[in-house]
Each structure stands twice: as C-alpha cells, then as structure tokens.
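Handing you a structure now.
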Amino acid sequence: MLKIGQGGIRHLQRSSTASFTTVSASSIEKGQNRVVDASLTLIRERAKLKGELVRLLGGAKASTSLLGVPLGHNSSFLQGPAFAPPRIREAIWCGSTNSSTEEGKELKDPRVLTDVGDVPVQEIRDCGVDDDRLMNVISESVKLVMEEEPLRPLVLGGDHSISYPVIRAVSEKLGGPVDVLHLDAHPDIYDCFEGNKYSHASSFARIMEGGYARRLLQVGIRSINKEGREQGKRFGVEQYEMRTFSRDREVLENLKLGEGVKGVYISIDVDCLDPAFAPGVSHIEPGGLSFRDVLNILHNLQGDVVGADVVEFNPQRDTVDGMTAMVAAKLVRELAAKISK
Amino acid sequence: MLKIGQGGIRHLQRSSTASFTTVSASSIEKGQNRVVDASLTLIRERAKLKGELVRLLGGAKASTSLLGVPLGHNSSFLQGPAFAPPRIREAIWCGSTNSSTEEGKELKDPRVLTDVGDVPVQEIRDCGVDDDRLMNVISESVKLVMEEEPLRPLVLGGDHSISYPVIRAVSEKLGGPVDVLHLDAHPDIYDCFEGNKYSHASSFARIMEGGYARRLLQVGIRSINKEGREQGKRFGVEQYEMRTFSRDREVLENLKLGEGVKGVYISIDVDCLDPAFAPGVSHIEPGGLSFRDVLNILHNLQGDVVGADVVEFNPQRDTVDGMTAMVAAKLVRELAAKISK
Amino acid sequence: MLKIGQGGIRHLQRSSTASFTTVSASSIEKGQNRVVDASLTLIRERAKLKGELVRLLGGAKASTSLLGVPLGHNSSFLQGPAFAPPRIREAIWCGSTNSSTEEGKELKDPRVLTDVGDVPVQEIRDCGVDDDRLMNVISESVKLVMEEEPLRPLVLGGDHSISYPVIRAVSEKLGGPVDVLHLDAHPDIYDCFEGNKYSHASSFARIMEGGYARRLLQVGIRSINKEGREQGKRFGVEQYEMRTFSRDREVLENLKLGEGVKGVYISIDVDCLDPAFAPGVSHIEPGGLSFRDVLNILHNLQGDVVGADVVEFNPQRDTVDGMTAMVAAKLVRELAAKISK
Amino acid sequence: MLKIGQGGIRHLQRSSTASFTTVSASSIEKGQNRVVDASLTLIRERAKLKGELVRLLGGAKASTSLLGVPLGHNSSFLQGPAFAPPRIREAIWCGSTNSSTEEGKELKDPRVLTDVGDVPVQEIRDCGVDDDRLMNVISESVKLVMEEEPLRPLVLGGDHSISYPVIRAVSEKLGGPVDVLHLDAHPDIYDCFEGNKYSHASSFARIMEGGYARRLLQVGIRSINKEGREQGKRFGVEQYEMRTFSRDREVLENLKLGEGVKGVYISIDVDCLDPAFAPGVSHIEPGGLSFRDVLNILHNLQGDVVGADVVEFNPQRDTVDGMTAMVAAKLVRELAAKISK
Amino acid sequence: MLKIGQGGIRHLQRSSTASFTTVSASSIEKGQNRVVDASLTLIRERAKLKGELVRLLGGAKASTSLLGVPLGHNSSFLQGPAFAPPRIREAIWCGSTNSSTEEGKELKDPRVLTDVGDVPVQEIRDCGVDDDRLMNVISESVKLVMEEEPLRPLVLGGDHSISYPVIRAVSEKLGGPVDVLHLDAHPDIYDCFEGNKYSHASSFARIMEGGYARRLLQVGIRSINKEGREQGKRFGVEQYEMRTFSRDREVLENLKLGEGVKGVYISIDVDCLDPAFAPGVSHIEPGGLSFRDVLNILHNLQGDVVGADVVEFNPQRDTVDGMTAMVAAKLVRELAAKISK
Amino acid sequence: MLKIGQGGIRHLQRSSTASFTTVSASSIEKGQNRVVDASLTLIRERAKLKGELVRLLGGAKASTSLLGVPLGHNSSFLQGPAFAPPRIREAIWCGSTNSSTEEGKELKDPRVLTDVGDVPVQEIRDCGVDDDRLMNVISESVKLVMEEEPLRPLVLGGDHSISYPVIRAVSEKLGGPVDVLHLDAHPDIYDCFEGNKYSHASSFARIMEGGYARRLLQVGIRSINKEGREQGKRFGVEQYEMRTFSRDREVLENLKLGEGVKGVYISIDVDCLDPAFAPGVSHIEPGGLSFRDVLNILHNLQGDVVGADVVEFNPQRDTVDGMTAMVAAKLVRELAAKISK
C-alpha cells in the first residue's frame, strides 16, 4: 500500500528480503489466505441476511443492494475516492431530503434498497495481498451479492479501476456480455497507464478485451487524446463527446439497451458532471453535463439494469458541506429506482 | 442506526411490527449471529497474521497494534468521529513527515507498529444488532488482539463511548484493574446522559462502576458541572482542571502509574487540546492544553502502558488540509512509542 | 427558543413551574405585551418614514420595501436562515456590482427600493412569546408596510414558514386571494411536519386552507413524495416538476397571472436553484433550475406583483465569499424591479 | 451608510440637495425622531421585562444582561463585526458545551444571565441618523439596562468604537469614573484616525478625555507606534506590551482594581488573543495571549465588575465551524460569571 | 503602489517632497529608466529563445506564446487578479488532465504553445514608475513577442485594464484595426471610472477611441447601466445581453470575424461565466454563460485569431482546490488551439 | 520543470533527442545565456536604484532589502512555496496593521526596508536552465544586493533549498563563515534526499560542507531521525529539540552570536512554529514553537545580523484569510528591524 499503511507487510516484503526465509513467507501466505477467506465470509453473511430480509417481506423482481469498494490506489493523481463509500451512505440517509426518488419509489423499503457493506480493501492490502488477488476478491464479492435472489449490486467506488472486476463478475455470473452505459469525462480506455494494467484509466480496455460488454456507450467525454480515440475505434466503442452534446442529446435521451444480451450495466464517473455541479472529484474538467442532463438520460433509458456503479467521488476535494456527496447520493438513489422492481 | 443507514433492519424492526412474525424475527436473528461471528473471525485472522509477523521478526516485549472502532452514534452532538480511523491512518503514513518518533523509534518496524483494521461497526449496526451486543463485539475484538502475544491494542475512535468496552476488555483480559490516565476537556462521567447509558459522556462512570480502573486521573478538564464534580468525588477520581494547570504542571509532568495493578491505560480525547491546536473536534472548548503540554506529560510518564485510545477526532470539522488528523496521528505515533518495547 | 437563547423566559416557563405563581406569570405576560407593542411601533415608524420619503420624491404607482424576518426555528434540519437578512442586504449594496437591474431600473432611487428593517424575531422569542403570536406579529408587520402607500413588501427570510403569515397578511390587507408563483425544490405542503403546523414544510398547506391563494404554481419541484402529490391534488396546485422542465419551459416562460384576483405574489425558495448555482441552502437537492432559468420566468411573467419573498438562504452553508448571498441579492433586485413601477 | 444600505436616506441627502426643500427635510427629521424614540422604547421594555424576571426569581446583588451593538462602520479595515452579536448568542447556547462556567455558575439561571437584544444600529443608520446621535442612542440603551436593578450590561460588539459610548454611559450612570481593564493587540488611543473621531482606533482617547476612567490598563499590546505610546503617556495609561509579558505575568494575574472609584469595567477586544486562538478578527496580529492567559487574568482579578464588552469578533473571517464564535462566547460566559453575584 | 509595496519609491515621492532635491529626482529617474530597459530586455530575450525554438522544430503558420501581466491595481473592488498568472500556468500543466485540446492539438509541442513569462509589473511599480509608462511597457512587451515569427500573444491577466495596452499593441504592430470578440458580464466601457482612465471598467472605451477595433462584440453582458448602453451605442458596439441569450445563441455559435481587417482578437473575462462555473472572480454576477456555451462559441468561430487574453481570474476568491484556475487554464488551452496552426 | 511549465524546453530536451542537432542545441544554449544575463541585469538595476535611494536619504549602517526566490521544486512533498513571495509582500503592507515594528522602527522608511523584487526562477527554469546554474543565479543575485552599500539581503522563499545558495553567497561576499541561527521543525541536513543534492532536506549539509557556517544552531527540531542526529554530530551542529525546549528556553532567549566571524545569518523555516500558529506549511508537525517564543529568541539575540531568510511558507495550505501570510510577514518585519540600523 503506498500511502495508506506504509508500515504493513508489503513494505516488509519489499525492504527486508534477508530476514524472511521461505518458511516465514509460507506462514505469512497462509495467514493472508485466512484473512481473504474471512473477508469473503463476512460479505456472504451480510448478503444472505439482506436477501432473506427482502424475501421475508414478499420479495421483488429485482432489488438493489449497495456494496462499497473503498479503493483509491489505482488513481494516477489523487487517492481520495478510497474514502467515498461512508460519505455517500451518510448523504443517502441525511436529514436534508426525503426518502422518495423523483418518480416515487420509497428507499426505506428494503425491497428497493439494502446494503451489504464494504469490501475491506484497505485491510486486505495492509495484509500484503497483491492487486491480482484483490481484484478477484472484488469480483467474488459482487457474485456473492448476486447469489442472493433478487439482489442486484450497486457498487460505491472507489476509483474507476473497480468497474473492471465488477463488470467482469456481473457478466460471468449472468453468463454473457451486457451493454454498458458509461458516463465520464474520460474514456478510461488506455491500453496501460503508467505501467499499471489495473489503472483507473484502463478499466474499459480490460472490460472490452474480456468480452464482458457488447455495446459500450461513453457519454460526457471531453478529455480524450489520440490513443483514447484509437482504442475507442479498435473496440467499437460509441463515444459521445461533449463537443457535440447539443446535437447528440436527442439520441441520448432515448436510449434502448440490453436487448439480446444479459441486460444493461451503468457506470457513472461523477466527473461526467461539470465541476460546477460536482466539484468533489480528482480531475476537474470543465464543460461537462448538468445534473439534470444525467437524470434525463437515466430516466428515459429503456432496458433491464442488472448492476451499476458510482465512482470517483473524492471527498477530500468536496465542499465543506459535502455538496458532491449529495450529488453522488442522488445518483445512487435514482439508479436504485431504476434497478429495483 | 440513526443517521447512517436509516433504511436498515432496525428501521424495519421499529416501524413494521405487524409484518414481522416470530418466525421471521428468529430467521433474521440467526443471520445477525452469523454476521457477528464472521466479523469477529475476520479480526481474529488479521490479529493472528500480524502477531505471527512480529514473532517471525524476532518478537518484542510489547508491540502496538492499531484497532479502529468507527463508532459515532453515542455522541450527543455530532457524529463525525465515525469517520476518523481511515483519516488517522492516512495521516500516520503521510509523506509530509518521517517515520521516527520524537525519541527515535522507527514506526515502519512491525515490532513497533502493526494494524489489525477496523471493527465493522457500521455494517453490524446496519444489520440491526443492538448496542449491548455491539459493545460486546468491541470488547471481544480488543481481546482477540491481546490474545496474540506481544500485541497490545491502540484503539482509534470513534467517539468516547468506546473507551468503556475497550478498557473493560483490557482489564478482564489482564485479570484486574489498571490505572487510567485520561486527557480530556470533559470528565465524561455522567451517570447517564440523555437516557443513554453508553453515551460518550458516561463512559468513565461505567468504567469506575465496573472496577476496571484503580486510579483515574483526568487532565485538561474545563467543561464540568456540579454532577461532574460530584461523580468525580463519588468514584475517587483525581480531576486536574485547566484552571489550575500552571500549578499542577509539575505533578503531571512527573507521573508514575500502574504499580500494583495490571498496568497503565491512556485515553486521549483530542479535545483535551485547545481548539487552536486541534480544531477538528465536535466540542470546541477554548482554554485547553498545547500539543507540547500533552507530549511532556506522555514522555515523562513512568509505567507499563498496556493499552491506549485516541478518540473524538471529527474529520468533518477539521481544516481543509487535515491539521487535526496530523495531530491525532502524532498522538498515535508517540503512544505507540510509549507502548512498544 | 431551541438553539438560540436557551436561557430565556421560555426555558424558565418550561422548567420551573413550581417557582412561578400566577401573579408572576401575569406580570411577565404584561411585559411581553409591552415588548410586542414596542416592536410593532418601531416597524410602523420605519414604514412611515420610508413611505413619506417616497411620496416626497414624487411617489410611484408601486414601490418595493424590504422587510427582514430572521426566523429559522421552523426548519426541520438547519436553522441558519435566521441569519440571512443582514447578509442579503450587504450583498445588495456590495461594491462588486452596479445598482441597475438587468432591464435598467435604478435601485438607489427610493421610489424603486427602500428598507424598513427586520421584525425583531429573536428578541420576541427570547421574551417567551409563543409561535402563534409571533406569526401574528409577522402578519401585522407586513400590513404596517402596506399601510404606507405606495410601499409593497418584499420579505427577506428566514425559513419558508414565514410565507404563511406574509401571504395571509397580503391577502387580508388587499381583501381577497392572490395568485402565487412558488419556486422551490419542495412543495412545502405537508399537512403537518414533525408535529409542527407552522413547519417550513407545511406553509403552503396553511395558505391553501386559508383561501389566501387562488392559483398556486409550484416550479422547480424535485423532492416530493406521495403525500406531497396528494396534497397538491387536494388543493388544486399546479405542480411543475423538474423531471419535465424541458417540456414545461415554454409555458413557464410565458406566464400571465393575477387577473381577476388581487394580484400576484412570488415566493422564491433559494433551493429552487440547482446547488451548483446556490450552494448556501439547508437542503441540497441536485437537478434544479439555473439562475438564468429563474430570471427568464420572472422577466417574462405578466401580472401585477403585490408582494414577494426570498427565503431559505442559509449563510452558514454559503461559500467563503458569499456566492449564494449574491444570488439571493440578485433575486431581490430583480423582484424589486418587477414590483416597483 | 457606506456598504450596508447605500440606497437609504443618507445617500439621498448627500446626492440630491436640489430636490429636498427645507419642508421635506424637517418632515424627514421628525420621522427620524420617532424611529429613534421607538428604538429606545423597545430596549426599555425588554430591559424592564428581564429585570422583573430576575426580581421575581428572588433577585441578585448583580445580574448580567447582554446588549448587542451590531456596529461595524467605524472600522478602518473590515466591517464584519456588525454581524457578530447573533453569532455569539448562537455559540453561547450551542449544544456542544454545557451551561456551567469554569468555576461553577449556572448560565441558564436568569439571575446569572439575561439578554435584552440588540440596539437596531443598522435600521437607525438606514433612516439617515448621523453618528453623533447613534452614539447617544447606544449610551441611552446602556443606561436603560442599568436602570433595571440588578442588571449590569455586558455588551456584544460591534467594533471597538462602541466602548466609548458604553463606558461613558456606565460612568455617567454611576456618577463617577471606573477603572478599565482593556485587553487588546492595539491601544486604540489615536487622537483621531483617518479623520473619524469615533474610529475604533480612537475610542480610548475619547474615554480618557471624558474622564470616564481613572486607571486604564492595556494588556496584550503588540501593534503600537510612536503616537500610541505618546498618547498612552499623556493619559497616564498603564500599557503592558506582549514583548514583556513573561515578566509582567505575575502582576497581571494578581490585579486588584476599582477601589475608590465606581468599580471595574472590562473591555475585551478578541484580537488580544493570538490569531491561532482567535482567527476570526479583522486585524491578524501574531504573538498574542493564549486563551488560558486571558482566563487566568480574569479569574484572579479582584474588584466589583460593573460592566463589560466583547468586541471586534468578525464572523466573516472565522473558520467554517465558528471556532472564534465559541471563543467569544466563552469570554462572554466567564465575564458573566465575574459580574453576576 | 497602494496595497503592494507601500514602502516603495512612490510613497516617498508623495510624502517627502522636502528631502528630495531635483538632483535626487533626476538620479532616481535614471535608475528607473535602467530598470524599465532591463525589464524589456529580459522579455525580448525570452521571446527570442522561444521563437528560435519553434523555428528549429520546423516552424508553424501561427504559434501561441503566453505572456503574463500580473496587474491588479486598476480594479475598483479587489486586486487579486495580480496573482493569477502563476496559478493559471500551474493549472495548465497540472497532473489532473491530459495535454490534448478537445479537438486534438497537443499542447506539449512548442509549435502549439510556448511561454515568455511575466512582465515584472510589481517590480516596475515598486520602483515608482507611473501608470502611463507601465501601460507602454505592457504594449512594448506584446510587440516584442509578435516580433518573433510565428509567435502570437495569449496574455494572462491581471485585471481587464490590461486589454487596452495589449490590443493597442496588436493593432499597431499589425498596422490596422482588428475585430474583437469580448466575453464578459460587464461592458467595461465607462468613459472614466472613479477618476481612473486606465480603470478595468474603461478599457474598451480606450480601445474604441483609439480605433484599434473595427467591430466589438460583447457577449455575456448582464451588469450594465444607462452609461454602459449609451457608450455602446456611441461606439457602435454589438452588445449581446444574457437576457436574450436563448434567442442570440444561434448567431453567436456561428460567428465569422476578422475579414477585411487584421484578424480577430478574443478577450475573455472569466466572469462571463456564471459564478457556478467560475466562482474565483472579483465580481459575482449570477446568470452567466455555462462553460460549454463559451466553448461552443469559440469552437465554431471562423476567423484568423491574432491574439487573445484571459483576465480577471482572482485566485483569492477561488475554491480551495482551484476550480476556477482549472477553468481559466482550459480557456487558455482551447484559445491556444484556436490560435496555433 | 516538473509541474510548472511541462511544455517548456526541458521537456523537449528530454523527449526529442533525435530532432535536435548539435547546432540547434548550441543555438538554444546561447539563448539561455542571454536570458540568464538579462535576469541578472534586471536585479542589478533594481538593487542599484534601491541602494541609491537609501544613500540619497542619508544612508544607514545597515539597511534591509527584500529579495524573492519563488522556487518550490526541491521540495519532497508539496511545491506551494514557489508562490509565497508575492503573498508575503501583500501581507507586509496590508491595511490590517500599522507599519511600526514591535520595538518601534518605521518600515516605510526606505533606510529600514526596500525591495529588489524576485529572481525570475520560473522563467529561467522554463527556458531549460538546469539546477546547478539556477543555484548560481540565486547566489549571484544575493551578491548583487550586497554590492550596493548598505543593503543587506532578507530573502523570501521558496522552499528551504534556497538557503544553501544564499548563505554561500553571503559568506563568499563577506570573505568568511558566519554563525547561523536556524529555526525549523526539521534539521534539513540529509546527505542527499531522494537523490537530489539540492533537496530542501539537504541544504544545511551543503552549507556545512562548504564551510560557510562556523556555528549552526538548530531550534524547534521535532522531526528528526537517526541520520539527522548523526549528520548533526558529524558537523558539530547544536541541535535544540522541542522535547527539551522548556529546559533550553533560558539559553535560547540569551544568545550571543557572530563574534569572531563575519556576523550572524538567521534562517526561519515557518514550520518551526506549531501548526496552530502557522497552518500554511507543507509539513504539519505538531508540538512546535509559539510565535512569541520565536520573537523572544529574536528580540534578545545579540549579534550583527548580515542576512536572513523566511522560507517554506506554502500559500496553498494557508487559511482562507491568509493567517500564515501575516505570520510570515511579521517575521520579515521583525527581522528587518533586527538587521537595519
């Protein structure tokens, strides 16, 4: 772990090769395995409890369940998104708003919204577990939620690198690709960014390579270079840039997705919004969508939404009174309304 | 859960008595049990791994291990301390300082400092577990850390209500009372505050009633009323008020504690400091200690420190650049230096 | 008074029934009466002076006069709007802008804008006067302004609960109902909120029950639940939700109101604006109107505006440089331009 | 009025000499007189009510009553102190602290603390009343409080210019000079500052010239020039500069004042504190007193305190969470404890 | 110099006439001449080096070069724009964005963007040089940049007063008038503001009088009074007010300028944007353009852009994380893309 | 240049080896030489002018002249000190304080304080000049100031790396070592930090190696590791740690330095102060000096102060109202009083 927990096991593994015999290493590895297993068990039990609760209340066709993934270390610039999930939860239930969605669903009904808590990302990393395995733990956690009928995962990031293990899990669990609606200022489709294949700037390259998405629509794009456009072309991505948004609006407010595949997944990077509407992000890129633009796209989307994420909210850059936390929370609320039925 | 996670099971239990049969309730209760068990298992495994690591490195007489308890709901005023542990960790390892303590211990050495992560307080509450049981989970978690020789717990709060289950666990595990050095603007010794026996304003009444402390020294006191002084007298508390600090300084910079009992426990409420030094607290009470005053007391204390906590840091009131997080982190660092040997 | 002035008479009345004989109570009550009378006298004299000034300058058909109502205790969440009136005044006359309105009226001309100061809400409450009477004092104050030809009241809130006594006074003074254009994120039409019939969330239920408004148009609505829609239907309210604003814009930018009744009253809750444009509000509800949207509605409205209010600006949540104060001030300025003629 | 209420009568009087006949002017003047009279009546009635309340509860030898004077226009630099009184009141009763003073007085007891509200400074100025008369209104208001046995005034500024009319009133009402303990970074004793004899930098020159103080002790001084030292010498002021505070501490923590005169008046400019302890002031002057230094001086002072003020708190420069408001409030609380008996 | 450098030579010249003989004055004047000459030499050398660099890389038809003018003293209200240029540069190269423009130009290529640094405005003023000469130094600096083929100046303000010497230089150097596209909340066309002919509120009056612009289009206007409209008429300015922006949008997104004259100059006052998008400005004027509105106008403009400026960014009013700096930087980046070819 | 000006020549030199022939390189190098020469000429002319001014006014034995060095890139953590000099100047002359020092010197008198402006560090780096040469430019600039009798340099940093070229220049110009009083939280005496011999953490290693200081006293130290203490011992540094400040205070408030050498140089890192007193620094290290502690040391120091610096003020971490800028400014003011005579 770079910034958080430098004194942990990884630091040791790097710095003190001499003092660590093979025996020690194997002993540590067994301990790591037990920590990972216990982490997954905890998520399984929480998911089971929430699934049972929903079923006891009469069940639902689809029911949203929050899963937090407080991971920030795959960001190139700032790592604040690791602190986002508790802030978003606080804002969801904060006293300043009522608990209905804009179209009238009641969020306090567990059939609409439950919560299975966070993947213990920081603790796992502090135990010296590497990124390959961490990504698997995230995927496993998503599957554990989906295991419990009728729960569907709505993931609270974290940086955008988490969308790769999440969408992979959704697709693997459902047995085929989904259509992905991706709202973002950036395409996040570098082949590899600064040597990190799990970089938050590369997640959609991984998703497309893995065949987890059939169509990928990127909306809100306004920071893209030559490689971003070439990778988009290579993977057949439908890139809607802000430069032409006034022309594209008609299309984007009438989307129909997910037919013939396993459904629709929606990934919202909070920086798709103009920084005026969402200042609490790591990458300030003026010229973005208004909050109402985003809701118009969501409300009018036709399709069966099987999962979603809200990522890249950075509480360390938010206003003192947490305006962006409220924005992220309302995105979560309206997505929950879209998923649950 | 009041503010965080209002849509959880507790809300349901309160509001919909009719729809919940005994069968349902029992089914939910079993699920809660499994979540609690899994939570404790996860802490046990992390503690084991860190204990093993320390022993593999040659061991130590005493070794500090951090345990986060992100609990804020027993505060009468603001609940921000629930967000403190990850911010303190970030500040401990932040790039703006080196990793030596003032007297020269190296924090990157796991024999000096390890971390077993957080008790999943918010998830447990969101599953509808009540406060009696939650307090037991906290106590159990502390004991799981102490189980692993030579780890000693340094707890990151959370509000001050957590000191009760923590000190109870330390005393029970060691088999007798300890001496407690308590730095705070307030005595936190109400018999019961606003009807809540677990209130952060009552924790030291619980501790004294339980016989977990032989001597209790309270330093930095400057917001105390008649009941506070009477309770102090009733329990034989040694209350050092700020009004007389210039006279008491000599005594407080030459303390010798813990002889004849199981050792010394140090509980630092960040608001013992003047708000000039620590603005990020819920209760702004001018006229407190300087940071150097606190260090002078700690550095000169003689005694075997068997556990400690740093509580009531409220990141939602901190400066933009996290000055109070750095203050809390330095308290943790110097306490770790004091504990580890 | 809950937060502000806890040590006042009301506290006493609640807590020390024993020590207060009937004689004492009657003596206090007479004192309260004298304080209320003196408060109204002060407003009457200020209104007279300003009315005389306008008439000495040649008079006008209608002339706007500001009346502050620093009341925040009927808010369910935060009480900062009690501090708003002096901040709005400061922003109106602040050196960073000129004193012309967008369409060219000169605000420094007393025929366009005068000020009769604040109703001493906090002092009245601190003297133990209850809310029924306080609401009457507010109504009386509005009438005292209207007494002075050609003054028309533009009220600076305060939370939204003040619109009930203000509109009641306007309607009673004019002798019949008015049409009300109400810009807000919320309908504020609960029958009763948290047991408080004067709640800022219930004011428009009171107004409709009292028959003070013929038509009520609510614009900017985006936080409304089942009860809000039912109450709307019950009272025949025309609710324009943000979900359909792109469709409704045409209608809303061509309103013609007030014919056949006593005129038009405009009530602007600052949170009708998206929080990007007005962060200094108690209830952050993303997805609102832009500032230009509001001006387009106002500038194009046809009708005789007989009174108005700007409410729910919360300076305790504003940006450091007071951006929302400037926003509230510009709303006041453009409303003054609309009223005065 | 410069910034606040530029459109008022004064603006008119300055700019439009032509259009104002003598008749008009006399008519306006009568209106002003009625506004001033009504303002004083309102204060008289509030003072009467509070005095009666204290007497009904059994009376007291001396009882503190707050009087706000929201005046900021005599500052040379920033005018924020005009907004201070409501913020200080909010902090006095804020939920983050208990209502006992450090030595044990109970503030909720009206015999210890009542409140007569604010002099309507802004409204009076907006009606075109000039500074000579405004200063008299302030003096009259103080006397109206003192009229009601056993009330003693504790004035909430406002900038430091208000201490002149307040101390003048106290001295005139008591019939002789008082001793003044003045805590400040500046001596405020210019003969005339920037052409304004009522400047906040000249108030103590006015007080000494008027013979309202026998001894004047200035403590905390660290921004003083040649004129400041010469004026000090001329008036026999005892100036304690911060440069020698470590030497002077002994004397200042053992003061005995007010014997042989009418008592002691304490004037605390919040900037006597180092900006670390009180950042919310207009004049940041590093190197000042700690909060505890101030309390040590106050707690140990011997003498009959007949009045006091806390001035120059500037909420527009305070931290987001109002640390300086809490500091000003605690000064008020401890002063109230000192006055009431 | 008023605020910055009060102890400089100008202060002396004003205050101590007696002690300065003619000999001294002439000696000082020679020194000032040498400082001015050295300042221009430094700019010339930097421009030469950057021009040579571009030519060595193969040259370009037009290549943007930044020139900072940190001048704030001609503002009527706040002087923060004097600190803007280094903050804008920091934001241009900040790690949170890539270095491509929206339409694909690569900013790291010196043929697209170089930098010749700042005119040493503060040092020149501190040496006692007056405004007439300072304005000439600015004009000369612009010409020194244009001297180096193919460099074209993009000036970083500073307040808006700098556009006069800059546009004058561009026009004089090119040998005829240009068309000016001016985005701003204010027309800045007072004949003379507060006695200062160089005021930032008068620059476009100077430009039109001098014949430096053929057409002047003002876009975003929403704070304009009678004089502003009359001056506009007098000089034949095309004023597009925000009141009618929804009607004018079509025209403004299809501009064709600069034919028949020496090209197009674009002057962007950051406050043309709504304060929601650009809070870091001295004059908060709600109801402005969105960032995308501005880009749509720029991207669609047809014409040969020969120079530009971005002015009135005030870092002292920006958000903590510098949102407006990022906004100003993106304006600079997109302008550079427009100029360079 | 890393962050600021990435598109400059250095970037080019690194990235495009192929396209740059030897001819090009030599041509660029000549241009760089001319820029460096012009930069030094500008400083020489400003120093000459200021020296002449002082002499014309009658001269002085020693006269302080400010020289800004806006260099931040040798910091390991944050680079904000590059923006400090203009902020400190603004605070020195800001309207919130008078222009006398605590002991009575008048700063507006040019014999006490003049200013020769900034070394154009950013422009020089943007032209591709490397650090060796940049350090020489800084040294040369200091010597150019000292060339002009009776000017003595008071340097405004910048990060602490600048003290090396400055003290080197002072010593070389005077022809022998000086005594250095160094106030800091850190010893800055690493042999080499992160591979950078010019690092702000290594400057005093360079100074001691070069023999520029005879005695080096370090005061305020509280972040020091084993290497720091060993290097201290190696060079014979007198390190006064905060742990023992209460014991050392007597000595430090009675220092006598500079006898037998060329005088005393004072280097103040703003972080010697506790962050409560100076929050605007890159390295928050609680437990430091109070502002009065620093002044007591300075005021009582005996010795001929031949130069000084105030470094590591980071405006990007300061409070909104610039409290640390005021602190840095007051340090500068009191140092100027100490130097000038």
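For the reader, a short list of remarks on this structure follows.
Labels for the chains are A, B, C, D, E and F, by order of writing; each one numbers its residues from 1.
Rule of thumb we're sticking to: a contact is a pair of C-beta atoms (placed from the backbone, for glycine too) under 8 Å apart; a residue touches a chain by one contact, two chains touch by 3 or more.
This is a predicted model, so every value here is computed, not measured.
Think of each touching pair as a link: the shortest run of links from subunit B to subunit F has 1 of them. Compared on C-beta pairs in contact, C-D and A-C come out with C-D as the pair having more. Using the average of C-alpha coordinates as each chain's centre, C ends up farthest from subunit F. Separation between the centroids of subunit B and subunit E, computed from CA atoms only, is 56 Å. Averaged C-alpha coordinates give centres for subunit E and subunit F that are 32 Å from one another. Here the CA centre of subunit A is 43 Å from the CA centre of subunit E. The multi-chain contact residues of subunit C, meaning those touching 2 or more other chains, are 95, 99, 274, 276, 290, 319-320.
Of all possible chain pairs, the ones that touch are A-B, A-C, A-E, B-D, B-F, C-D, C-E, D-F, E-F. Of all residues in subunit F, those touching subunit D in their complex are 95-100, 102-104, 106, 274, 276-277, 290-292, 295-296, 299, 319, 321-323, 326-327, 330.
Taken in their complex, subunit E has these residues touching subunit F: 3-9, 11-12, 19-20, 24, 27-28, 31-32, 34-35, 37-39, 41-42, 44-46, 48-49, 52-53, 56-57, 70, 82-83, 86-87, 89-90, 93-95, 99, 107-110, 113-118, 120, 122-123, 126-127, 320.
Put simply, subunit B touches subunit D in their complex at residues 76-78, 222-226, 229, 241-243, 245-246, 274-276, 279, 282-288, 290, 317, 319.
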